[in-house]
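Below are two complexes that have subunit A in common, paired first with subunit B and then with subunit C.
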Partner chain A sequence: IAKTSLTSPPWPEVKLPDPAEEAKYHAEVVQKVNGMIAAGQYGRLFAVVHFASKQWKITSEDLIMMDNVLEAECGDRIRMEKVLLVGADDFTLIGRPLLGKDLVRVEATVIEKTESWPKINMRFWKRHNYQRKRIITNPQTVLRINTIEISPCLS
Partner chain B sequence: MVLLSAPRWLRSRLTDRFWRVQEVLKYARHFRGRKNRCYKLAVRSVRRAFVKSTKARREKKRFLRALWITRIEAASLEHGLKYPAFISNLFKSQVELNRKVIADLAIYEPKTFKSLAALAQRRRQEGFLAALGDGKEPEGIFSRIVHHF
Partner chain C sequence: RYVRQLQRLQLLFSPTAADARGARQFVEEEALDFTRRHPDVVLYVSPRSIPAPLLLAEYLNGTVREELIASKTSEEIVQLATKLAGQSGLDIVRIRKPFHTDNPSVQGQWHPLTNKPSALIVQGPRLQPQ
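Up next, the complex of A and B:
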């Protein structure tokens, strides 16, 4: 058959590596990472957590401020469950979309529950004698991330 | 003797005009020109400033999203992928990170971003192979070549 512009697809031809070899390589990598986690050879861990309908990139000892009320008293310890990504210097664990609860543990403490600075909402139409001014203070909560821990239960 | 109407020396006078004016001028102190001093000009400027800030609060979300997308595009081009390919393949491999977090990773965690780009590239190649299918011709078609007699 003659070669036309539609005989071969417009993308360059790709060849995937052998699945058996790939599986072996994957198992090796997983074992290595498990060993590293068990031995504790990671420095500072960072995690991407889905909390209060937002995604945050957090490390230990950093502060987070959310624009809503949390039903927990000041000083309560909280465990964040929806972890999307955990990483250290040499490896990252990417969740699809979430990581298991037995794999990662993110702990945080509620520090402060305040209101935001008074934001001014103003509407004005010119030549129509219409102006409305409203002052909004949103409740805010400040959390301090205490620890991020991982355990070597990869498979 | 009860007086039913108030005597003439009792007037209701405005005593806190200064503070009412200061309430408006305090928002105009950092403006340029006479509108940071004169009440009549300041009132108009402050009103416009409030209205602009309310509208800007809605636009800020759009602006920040565009900024994140530009940054992710730049970072993925460094790894040889275009932004639509990167994002679509990332979503197809069920990684649901939003653009803000991916932009932060691209800035502060380059190795993690590289692994995400490699994941997207691999998913893209698997998609191409799946689109090609078996390579056999579909049934019901007897020839692709048309003979003219």
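Up next, the complex of A and C:
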């Protein structure tokens, strides 16, 4: 059959490696990463956490503010589950979609429970003598991420 | 370790004014419970001849907030006091970002030349592969 411009797709054909070889390679990489974690050769860890219907990229000692009320008092330590991604300088652990709870541990403390700045909610119709003004203050909580820890429990 | 940002709460009211009734009820009934629940806040109660009862809150960075408690029930005053106890002394202004980090990038910040092969390896139509 003659080869035309539409016989083969325009993207380059990729050959997948052998599944057995691939499994061996995966096991080797996992062992190496486990060894690195156990030896403690990572510097700063960052994590992507799903919290309060938003995804945050957090490191240790940083501040996060949410527009809601948590049921924890000021000064309580909170453990965040629902960790999507953990990364360090040389390796990253990607979850599908979440990582195991025995792998990662993210701890935070509630620092502050305040209200937001007073927002003005005004409705006005011209020539109808109609205006309503309302001042809204949303409750907010400020968290500080204390630590992100990982343990060598990969498989 | 958590340090409460509220230093002291000063309750100024007059024993005879009619709008300080809530403040007087708060002092009689709920002040002790409030201090037991928040042991690291100092509550000063000073009955003076003041036209309107005030609740002064001083924070560790020096900001002083005054709240009027005239004609408020004691439960409202308790809620106000707990809200002030949870706040810090920063100004309540529009905050542009809900997050703050000192180290924003861990694996190095992205610039348009990351993940691209360097110019020495790329083979152009004229360069002969050596």
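We take it that the second predicted complex is superposed on the first by the 141 of 155 C-alpha atoms of A that agree within 3 Å, B and C clash if a C-alpha of one lies under 4 Å from a C-alpha of the other, contacts with A are read in each partner's own complex, and residues count from 1 in each chain.
Definition applied: a residue touches a chain if its C-beta (ideal position, glycine included) is under 8 Å from a C-beta of that chain, and two chains touch if they have at least 3 such contacts.
Treat the numbers as computed from the prediction; the structure is a model and nothing was measured.
Would you check which partner chain A:G87 touches, where first means subunit B only, second means subunit C only, and both and neither mean what they say?
both
Regarding the shared-chain residue A:I111, is it in contact with subunit B (first), subunit C (second), both, or neither?
Touch status of A:I111: second partner only.
Would you sort A:N34 into first (subunit B), second (subunit C), both or neither based on which partner it touches?
neither
Tell me the contact category for A:N138 with respect to subunit B and subunit C: first, second, both or neither.
The answer is neither, since A:N138 touches no partner chain.
For A:I120, using the defined touch cut-off, is the partner it touches subunit B, subunit C, both, or neither? Pick first, second, both or neither.
In the superposed model, A:I120 contacts subunit B only, not subunit C.
For A:F46 in the superposed arrangement: first (subunit B), second (subunit C), both or neither?
both
In the superposed arrangement, which partner chain does A:Q55 touch: subunit B (first), subunit C (second), both, or neither?
Touch status of A:Q55: first partner only.
Which residues would you name on subunit A as touching subunit B in one complex and subunit C in the other?
Dual-contact residues (subunit A): 46, 56, 87, 89, 92.
So in the complex, which bits of subunit A are touching subunit C?
43-46, 56, 58-59, 61-67, 74-75, 87-89, 92, 109, 111-118, 142
How about subunit B: which of its residues touch subunit A in the complex?
Listed in rising order, the residues are 47-48, 50-51, 53-54, 57, 93-98, 100-101, 104-105, 108-109, 111-112, 115-116, 119, 125-126, 128-129, 131-132, 144-145.
Across the complex, what residues on subunit C touch subunit A?
Going through subunit C, the ones touching subunit A are 2, 4-5, 83, 85-88, 92-95, 98-103, 106-107.
Over in the complex, which subunit A residues touch subunit B? Could you list them?
The contact residues of subunit A facing subunit B are 1, 9, 11, 14, 16, 46, 48, 55-57, 84-85, 87, 89, 92, 94-97, 119-124, 131, 133.
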